[in-house]
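The data blocks that follow each hold one structure.
Two complexes come next, and they have one chain in common, subunit A, joined by subunit B in the first and subunit C in the second.
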Partner chain A sequence: MLVIVLYLLIALAFPLYVMLSKSFETYAFRFDTVELQVDRGEGWGETLNAMALGEGLGIVDPGALVTTSDGRFPATSFFPDFSFRAKTLYRIRNTKEGSGGFLVKGRPATGTDWFELTSGEFRRVQIRPSQATGTGNYLSYFSTPALFTSIYNSLMIAMISTIVTVTLAFLYAYALTRSCMRFKGAFKMIAMVPILVPSLLAGIGLIYLFGKQSLVLKVAEWAFGEETVAPWWDMLANGAYGPSEIYGPTGIVIASVFFTFPHALIIIITALSIADARLYEAAIALRAPKPRIFRTVTIPGARYGLISAAFVVFNLVITDFGVPKVIGGQFNVLAVDIYKQVIGQQNFQMGAVVSVVLLIPALIAFTVDRIVQKKQVALLSARAVPYEPKPSRRFDRTMFAYCCFVAFFILGVLAVCQYAALIKFWPYNLSLSLGNYNFDVMDGGGWDSYANSIQMAFYTAIVGTFMVFTGAYMVEKGKGFNSGRTGFQFLAMMPMAIPGMVLGLAYIFFFNHPNNPLNFVYGTMGILVICTVTHFYTVSHLTAVTALKQMDPEFEAVSQSLKQPFTKIFARVTVPVCLPAILDISIYLFVNAMTTVSAVVFLYSPDTTLASVAVLNMDDAGDIAPAAAMGMMIFYTNAGVRLLHAGLTRGLHRRTQAWRTR
Partner chain B sequence: MRQGLFGQVFKGAVMAAAGLAFVAGGALAKTELTVYTAVEAEDLKRYAEAFNEDYPDIEIKWVRDSTGIVTAKLLAEKNNPQADVVWGLAATSLLLMKGEGMLEPYAPEGLDKLDPKFRDKDNPPSWTGMDAWVASVCVNTVEANKNNLPTPTSWKDLTKPVYKGHVAMPNPNSSGTGFLDVSSWLQIFGEKGGWEFMDALHENISHYTHSGSKPCKQAAAGEVPIGVSFAFRGAKSKAAGAPLEIIVPKEGIGWDMEATAIIAGTGKLEAAKKLVDWSITEKANKLYNEGYAVVAIPGIAKPVKYFPEGITEAMIDNDFEFAANNRKAILAEWQKRYDGKSEPKN
Partner chain C sequence: MSESGAGGETDRTVYLRIEDLTKKFGGFTALKDVTLEIYEGEFVCFLGPSGCGKTTLLRAIAGLDIQTRGRVEQAGKDISALPPSERDFGIVFQSYALFPNLTVTRNIAYGLENRKASRAEIAARVTELLDLVGLPDQGDKYPAQLSGGQQQRIALARAIATSPGLLLLDEPLSALDAKVRVHLRHEVKDLQRRLGITTVMVTHDQEEALTMADRIVVMNHGVIEQIGTPLEIYRLPATSFVADFIGTMNFVPGTVSGPDRVRLAGVDLACESDGLAEGTAVTVAVRPEDIVVQSVQGGEENAVEARIGEMEFLGSFYRADLVSEGLGEARLRADLSINLVRSQGINEGDPLSVLLPRERIRIYPGSAVRG
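Moving on to the complex of A and B:
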């Protein structure tokens, strides 16, 4: 137990704390600690304090000294009459040891000795900022419109995506649970497909479908002739939703709906399938019209599911990094801002600030969801009679058509990615070729990364399942030490609220710190596994707890009275009974480890590149077709593992779950 | 701890074996240098092999990533450097590190043979250059014809209304190539003229990308007719069969160089010096020339296939210190002017 608590502390609590403190680490010019002297050929003049001098000249505002670690202030600006050809000599020194100092000949000087410089040398002197603690980063964040508009953008995208996804998923779930249409199993399976691919693949698919070289356009031209299509396309192109508009909010929303659809669907199906048939019978007996039944019985019955789905989708979209990175164009969102600050500008402090900002909506969504879920338990009644849908031709057909449309879109996006991956040079050379699979010569790719990903996913599944299940067992079946168990429960729920980008950045700060004894983990496969297990801890934990709740506590009591150690009952009874749940957890971890981008994008090293990151980097470098090819490799791997899992579960069910049947 | 006879014997044997291994290892000891780089992965093997022909006793352990990530990594490790040498990183990044006092000044043998542009101006220099990495404009001829776009010949051409929505360029806040373009325009057109030029260019930009090679690859794939990128990328895409023309704007082009430096405080200074000595030899320069048309030693570069003509002459007299010192201010100004405008159109 202690080990697992320690694990969550090291892998979650400490890094987040370090990140939070990093966001308060500021850089500001300390002109008051710099002194200057000038010799205009008449000996050295009086000692001038840079702060007083700057204020006098109106070039320094004591209220706006905050900058970043690479901020520079030219010392010549203190002398408006400065000319590098003049024979004037300059002296400069720090009054305090250990402040930011200044650059002389491009190298930092932080000592308190005078430097005597010719005007040619003085021209290059730059004052550096000192490190301090304070809220300066937050102030500069909220006074930079380019940065804080991202908050609005992120919230807007997340809200629109949530409304669209939940509506679409509700209809789909309604079709699956309340109609008598055919092929329900197949529809359910197809709807789950987006879980198996990295979210950015949806963005890539959309670029091929609706980008400038749109596949849709090409097909239309081929079918109706170029002349017929051109005016229509031009009309679209000049309107609000022209082809270039796919790079931006429209594209982000469509791709976000694609990848969050299955998550919402699972929750809503569960909510809709617990309906009580007696309520419907009563409503029909009271001669309520159908729309009214829908409004007063169906929706209220599923409302907790709907709310929960909404918050899950909201959280997924606002924390997602892959989709806006690939298809967002110039539309700034928080998750991409973190990446831009850290990788583009090496501004770690501002990256930490954006992380904290992103954490807030994610935490709120998470908390509301938890409260709602707790309420739902009370809704279930023991005397409920499960609802059975009755066939209705028109309704069933409509629902069937709708599901076909959604399934067609999902499979269509993947089919387009696969097709694009096999084309030699879209759109100029349409012959088929395997050239895009030659990942080793692409910028940011490599077959190694595919092997690494499988290895990483495998370790994550094994280590993670062990950690999660043991942890859940302690929480659920442990006795005494109640406050500790509550604390653990809280820690175990937290990762769900932490965006992957934030976790990844926190890991850099924590594990790359030279004084951290765990420093050696940095840059290895180990840190990727730790990070991924932590990132996906919550859902796995909940699955394990649910499975363990099904087991009667009597088992423990009996084994104790028989004086058996708890390890024995754990290995002989608990684990076999919960085997289906354990397999579910491991498959969940495996699939997510294959597709995750956000958490690991800061942490991989040249020896541990990952397939999902390779998709990102190849797309970033403009190798879109190879990126699609690698994305499809991830899909096939996950689909294969899923099938294997289905087979394994069926076999195991027969052997270990025989006790469930009579 | 209790140890049986077996344990004692076993322990002795292990220690003896370890001792033997130590002696054997010492005799053949190779110095292992940790070298951070942003050079393309396919080139690294050739560089190390050629170096080991002359110095077989120094083994290079590469740590490779894109320029931004390597820079971020080096700065993050400032107080606990992991690298011994940086071989093949943008000079602007190295200047940033020089300003942090992270580089060991060293005048390598043969320094005077280098083009003075290709070395740190201080003595002894903190870094020496390898090859230049030059901005260019990629034009997709097929898409340009389709949209009736004339071929641009200058930067100013790109601000003409006919190109509206047809140009992509890298965002300087996330791409080194993007910053190189912006800092070169500020040097070519002056502070005021540079921003005026960018204001006009912004009107024509279809989108800003995160990476420097993407605009050219997108031009190659027809996603956008014109991409502001770098020549090396354009030549590669052209070689792959893309209908591209690589344009060198006549006002001059920005460039950055890949450079080499020793990290201050390395425990392997002697080996590091040998590597830096070798990195500016003629042999090394010829190696760089396989991918880059412009290298540090003048007169030895052979033309690279598909590279545009007259590229060396078009390179501006780039003031790297200006770029490094004003980087923060330039990026903030750019963000204020163009990044805030990227809200959705209603």
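Moving on to the complex of A and C:
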């Protein structure tokens, strides 16, 4: 118990706390606390305050002293006549203990003693910024339009994507649960495919489909002739949303819809399948027309599912980093801002500020989702009779056509990625080649990164399943120490609300701190595993708790009365009965570890590059075809593991059929 | 009491002794200073409405919910602070808690493993137990393939497999159909008698308690209301709560009007007044089946003139509402046998003289009991 609480504290609570305090760390030059003296061969002159000196020279603006932790100011700037060959002597000191001080002879000096230096030594003196705690970072964030417009952008994108995804997923779920069309199983499986690929791959697919060298255009030219298509294409290109516009909000929305579709679908299918047939019979008996039944029975029944799906999608989109990075172009969103601040500008404090800003909508969406889901459970009644759809030719055909369209689009995006990965140089050389699979000559870590990813996913599945299941067992079956268990439950729910980028950044602050005894995990496979387990903790935890809740609460008591050790009931009964849930958790962790980018992008080292990050980096370097190839490798791996899981589950079900069914 | 089914109590050894047991859940007191002795080989029922603390008491004896204060002593040994695994008992829950993924045989053998018994010994013991509970051929099935009654017997077999000194039953029959329940009552009781194992059963079903127990512990609001044989509990309920909870009881408000006399609205009755002072407000209680209807002479002691109100047909008898000026607003329910009604030609609205036998009347101080 203690170990797992400790784990969640170290892997979640402490890093977030450190990040929060980082966002309030400000750096500014405090020239007013630096004093200088010069000896030009006539003894020491008067003591000069650096601030007064700088203002006099017009090189220091007292209103613009803010800088980053890496800001440096050369001391020689205060002496326009400075020459390192002159025999002049310089003295420098702080007037206040503990201020930022300056670098002298390569070492920081923060005391108030005078340093006496020759001009050769003085040449290298750099004044350092002083650290303070305050809201300065937030003020500068909100006074930089380039930064805070991202808030608006992120919210817009998330809201539009949410509306589109939930609408599409509701229709699809409606077709799957309320029609008698054929191939429902296949449609459901295809709809789940986007879970198996990194979100970036959707962006890459869209670029190929609708980008500057659009595959759609090429196919159209091939089909109708270049002359016929060209005027149409030009018209589109000159319109408001021409093909180049795929880089930007349109592309982000389409790709976001693609990768969030299955998440929304699962929730809405669940909501629709708990419908009570008696309600429909009652409505028909009262002669309600069909649209009215839909409005008064179907929608209210699925209401909580729809709201929950909406918030889940909103959260996924607003925290996603892969899609806007690949297809966002110049359109800034919060998640990418964090990446740019940290990786591009090394401005960690500002990265922390953006993280905190991103945390707010994510936390709100998370809270609403939790409240709604609690209500959904209360709706379930044991007396409900499940709804059975009746065949209706026109309706079934319409639904079938719609599902075909969606399934075709999902598979199309993947097929395009695979096609692009296999040809030499789109669109000029269409001959097939495996050249794009020669990852070792590209940025991103080569085939090693693929091996690393599998290794990381494997460890995550093993370690994560163990941690999650044991933790859930303690919460569910533990006795006494109630406040501790409530606290643990809260910690276990938190990761869902924490965007991956934020978690990754918090890990840098926490684990990379030189005084942290856990510093040694930084840059290893270990930190990637810890981070991924934590990132995907919540859903796994809920799965485990649900499975444990279905078990008789008196099993432990019986076992104790029979004087058997606690380990025996755990190994002989609890684990076997929960095995399907345990397998579900491990596969969930594996698949997500393979596709995740956001949390680990800050944490990998040259030895632990990952396939999903390689997709990002290759795309960044312009190697889009190899990026697609790597993305597809992830897809095949995940699909393979999923099939293995399905086989295992089926075998297990057959073996345990005797005791599961009455 | 000589009526006790298991013989006199005085010459028997105390097996389980509970002293001043108190259990609190936060601010709520589930058990208040409960003291109780259970004799060796006895079948004791904890009876009471839900929330009365009976299950809490059982779980304290088992060590599943350790008491806040007080002592539990089993076979002369203080076990107050021991965890369940170091106590000596077998337990059956309402849900049976059979391990769904283990066969019947392995469920029963569960407690026999790790006890230095050989495989053959374990197998022999399991066969013996399956025979004992009357399910000799069901060993290879899984719990989900058995009926509720069969699962119940397997749970019982598992609980007694290790031959514990104490058997605890937590509402073991309440999840079963009415018919199976009645049948199993006898089986469980019979098994307990044959094994001679000290048994404590928790139930909220008075019929179950009356038919199965040697002694009943009636509980309410975390305290023991009465301990006694089924007959004592039924005939001589110690408190108005027990009188009301067990069986059917008429309650009529009255006042003590002299030594061994009590006055109702318009009639004086002779009864044991337990030394209550004159003028004390009391509740007079009498069971419907104790009201005598046949051959009552007017003017006889404790005779009441009444009129028959509504008559409710209950199969083997009628339960009739009696209205009388002597009773004021209160009504008496009396059981009239089918024969009596037929032979006397009794109809609703007829006048009737009834007798409230002096030795069947109980009085309780206070007047706040539902009539």
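One rule holds in what follows: the second predicted complex is superposed on the first by the 568 of 662 C-alpha atoms of A that agree within 3 Å, B and C clash if a C-alpha of one lies under 4 Å from a C-alpha of the other, contacts with A are read in each partner's own complex, and residues count from 1 in each chain.
Operating definition for what follows: a contact is a pair of C-beta atoms (placed from the backbone, for glycine too) under 8 Å apart; a residue touches a chain by one contact, two chains touch by 3 or more.
Quick caveat: nothing in here was measured; it's all calculated off a predicted structure.
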item	value
Fit-or-clash call for subunit B and subunit C when the two complexes are aligned on subunit A	fit
Comparing the two partners subunit B and subunit C, which touches a greater set of residues in subunit A	B
Which of subunit B and subunit C A:Gly526 touches, first, second, both or neither	neither
Touched partner set for A:Leu562, first subunit B, second subunit C, both or neither	second
Subunit B versus subunit C as contact partner of A:Pro580, first or second or both or neither	neither
First (subunit B), second (subunit C), both or neither touched by A:Thr144	first
Angle at the Cα centre of subunit A, taken between the Cα centres of subunit B and subunit C once the superposition is applied, in steps of 10 degrees	150
Touching partner for A:Ala621 - first (subunit B), second (subunit C), both, neither	first
Subunit B versus subunit C as contact partner of A:Gly248, first or second or both or neither	first
Touched partner set for A:Pro108, first subunit B, second subunit C, both or neither	first
Overlay on chain A, subunit C to subunit B nearest C-alpha distance, Å	28
Subunit A partner contacts - residues on subunit B that touch it in the complex	40-42, 62-66, 68-69, 71-72, 75-77, 79-80, 95-96, 98-101, 105, 120, 122, 126, 142, 165, 171, 173-175, 206-211, 213-218, 220-224, 240-243, 321, 324-328, 331-332, 335-336, 339-340, 342-345
Subunit A residues touching subunit B - in the complex, by the definition given at the top	67-72, 74, 103, 105-108, 124, 126, 128, 144-147, 149, 153, 207, 211-213, 240, 244, 247-249, 325, 329-332, 339-340, 342-346, 348, 425-429, 441, 443-444, 446, 508, 512, 514, 519, 605-606, 617, 620-624
Touching residues (chain side subunit A, partner subunit C) in the complex	552, 554-555, 557-565, 568, 572-573, 576-577, 656, 658-662
Subunit A-touching residues of subunit C, taken from the complex the two chains share	62, 64, 83-87, 89-91, 93, 95, 97, 99-102, 110-111, 113-114, 142-145, 158-159, 161-162, 164, 168
